[in-house]
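Residue numbering begins at 1 within each chain, and the chains themselves are lettered A, B, C and D in the order written.
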Amino acid sequence: MTAMTGRIGETVDRVRAEVAALHSHLTRWGLVTWTAGNVSARVPGADLLVIKPSGVAYDELTAATMVVCDLDGTLVAGDHAPSSDTAAHAYVYRHMDHVGGVVHTHSPYATAWAARGEPVPCALTAMADEFGGDIPVGPFALIGSDAIGRGIVQTLSGHRSPAVLMRQHGPFTIGTTAKDAVKAAVMCEDVSRTLHLATQLGPVARLDPADVDRLYERYQNVYGQR
Amino acid sequence: MTAMTGRIGETVDRVRAEVAALHSHLTRWGLVTWTAGNVSARVPGADLLVIKPSGVAYDELTAATMVVCDLDGTLVAGDHAPSSDTAAHAYVYRHMDHVGGVVHTHSPYATAWAARGEPVPCALTAMADEFGGDIPVGPFALIGSDAIGRGIVQTLSGHRSPAVLMRQHGPFTIGTTAKDAVKAAVMCEDVSRTLHLATQLGPVARLDPADVDRLYERYQNVYGQR
Amino acid sequence: MTAMTGRIGETVDRVRAEVAALHSHLTRWGLVTWTAGNVSARVPGADLLVIKPSGVAYDELTAATMVVCDLDGTLVAGDHAPSSDTAAHAYVYRHMDHVGGVVHTHSPYATAWAARGEPVPCALTAMADEFGGDIPVGPFALIGSDAIGRGIVQTLSGHRSPAVLMRQHGPFTIGTTAKDAVKAAVMCEDVSRTLHLATQLGPVARLDPADVDRLYERYQNVYGQR
Amino acid sequence: MTAMTGRIGETVDRVRAEVAALHSHLTRWGLVTWTAGNVSARVPGADLLVIKPSGVAYDELTAATMVVCDLDGTLVAGDHAPSSDTAAHAYVYRHMDHVGGVVHTHSPYATAWAARGEPVPCALTAMADEFGGDIPVGPFALIGSDAIGRGIVQTLSGHRSPAVLMRQHGPFTIGTTAKDAVKAAVMCEDVSRTLHLATQLGPVARLDPADVDRLYERYQNVYGQR
């Protein structure tokens, strides 16, 4: 398969390097096991996405092994078959213009909530900050059609949460950039774990919705470096 | 003890290096404590297996310290006594021709299900993918005879799962290759953990068997690089 | 922004290096996720504090990226915006003269107790040693005013515990030095975890208060190197 | 304080290096937090023991920082104050001639059983192998007298288990060598964790005592390299 050339080729190369590097956060924060999980990014200025190859080990991921697909999930460039979740990522990019990155894992605590089909209740200030409410549950959907992508888009449309727990499957997260989607995946597991632990020993009350609004507003606009 | 020579000696050397290296996955994924746990591989073209030595620390394992036994578990080459689980591995190779590798651990979540004698219910898409159903429980069996090997073979014969939870003992996994058996051991602990967590906070429903069939079929034939 | 000069500049440089280095304990002991959490120290001989910048990754923290603020939380020196928790730290320094360091995390087990609004009961000798009693719960308070700082000071005043669990938020710890506050944060998570685990399987009795007094007295005066 | 000279000085140096190195297993296997926990060894041919200094960080431990005490726990050589648990270690050496090493930790799962005052039930083959029965609970005892040492010796005398869970405190383990005691501490946490997890989701039956005897006998005499 020939390399992509010209300005778009340079952009693709940059995105491939970025997507390859972002996968290290999934192992660093314990979100993935063996070869499961994947990060993708939209290629700016083109109807393309870059995604992890299918079934390749995390310590073998390099810019060169990343795969380029069009937004129907069809392979455009790369020496490997794309992630088996590519159709779901592609569906999200086709239907959510503001999304620049998508992440999927089977991280254990988030997937435990997904296995029961229960949303993670917004009961911590850190959840209000990042998710602006509960982390919602999406439908059960089989791989091999648009069902997963459709479930993600329907659940997250009009919701502040960048994370959805696909029922009996695991979390998908979105972001303006791929790094934002990775952060959402990391924080999704973090709050899923803390609320799992909290709920084990007694009931946990959700925050007052007005407080959630205040915290979310502030975190999205004040936190970090501007 | 003299080294093995000729073509079979070269093959044995290759398998020893491979089996030694595969043990690093057991520590990497937190499946083993101290010197417990072991990986073995069948030697292609010979009635031999290569296995971990007994009671040797994981960071002292090299190709040279691996042990070669015949399929009755009798030492053929190597400077160390073979794993105390060698008889169980050998029994599996004698009775399951398609098996090229066997792994045994006391990984904590899988062993917790084994302690209660409960199968891990197939309630996640990742379980359907890798195990094609529940992870079954095998009988309680004492070390020192064929009882453990027999329990593994009887439980896994006619079952899609490459993993069995030996009651009040721990998981054994099999694979076409030793690497496949290692992957099954890693995924067995992963899904045992997620379903442990999920079940702590409420009931979890098994997937529809028809969906399990579709997912298993697809994963076994489409996932990864061909 | 110009560097600080003279003797106070040297002191500030030393404190910046110390505070930057202390953050490594938060990752080492698993207390923080992504960029959450922060350590601050009072600058001896000046009405200043040094604190982590807002939203900067742990592996990018250096002495140079640390931020200097006055005790109203106003930026005095540094190239970054200060932690969004600076007002809470500053309030503590203004109202507790003996405090030389403050730490804030969302460490999972301590935050699980905070989510339910339950104190960690003093039921282990290690808790009596370090905390001299229960780890108390502080009020729910929104970021953006003095409410969090006030809640910390009111809860810890007259209490032996250097840790407070701010309700539905997470732990804050104090110390004579920043290192003492870091130690308290590490031990707070440790005993929060052990008592979480203990309580999962049955009731746990608090220690006799007279024994708590004896243990606390001894640990504060005899333990360690003098 | 002058160095020890002659043959006994050489032996002491060797034991100091060994004890310093063994502490790395406590951090490797997650048994200790901050400066808590300690390993000691009896000095062969002398009424001496070598133990960790009090309150020193694990990554600062070297042969030179180890402390030499007599079997009353009085400092004989070393630049640091000995572990605050030295009296307990010394009591064990005075009253159990076959003990060459003692380890103490607050490892989380074992300490959780200790907090409730419940023995870990012998319900796994790995427990029968290493402990030959339940891991027993010792009395609650305050530091500062012989009470802890006496509780350890009384509980372990006539018991096959090398580990005792001191009530509302944590595990102590013994061994013929310090390395054996370290192994017992590592395995104690491992089986405490697995049985904690198992018991969370339902009852777990103890093994048949006759099977425990057979497993213990075999493991003590056949496992490992001879």
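In this section, contacts are C-beta pairs under 8 Å (C-beta built on N, C-alpha and C of every residue); 3 or more make two chains touch, one makes a residue touch a chain.
Keep in mind the model is a prediction, meaning the values are calculated, not measured.
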### Message
By that same contact rule, can you tell me which chains touch chain A and chain C alike?
### Response
none
### Query
For chain B and chain D, what is the smallest step count along a path of chains that touch one another?
1
### Query
What chain lies farthest away from chain A once each centre is taken as the mean of the Cα atoms?
D
### Task
Call it same or different for chain C and chain D: same when shared residue numbers make up over half of all numbers used at their interface.
different
### Query
So, what's the distance in Å between the C-alpha centres of chain D and chain A?
45
## Note on the structure
Distance in whole angstrom between the CA centres of chain A and chain B is 32
### Task
Give me the residues of chain B that touch two or more other chains.
200
### Query
So which chains end up touching which?
A-B, A-C, B-D, C-D
### Summary
In the complex, the residues of chain D that touch chain C are 33-36, 53-56, 80-81, 84, 106, 108-109, 111-113, 115-116, 118, 142-144, 168-170, 196, 199-200
#### Entry: chain C contact footprint on chain A (complex, rising order)
29, 123-126, 183, 186-187, 190, 193-195, 197-198, 200-205, 207, 211, 214-215, 218-219, 222-226
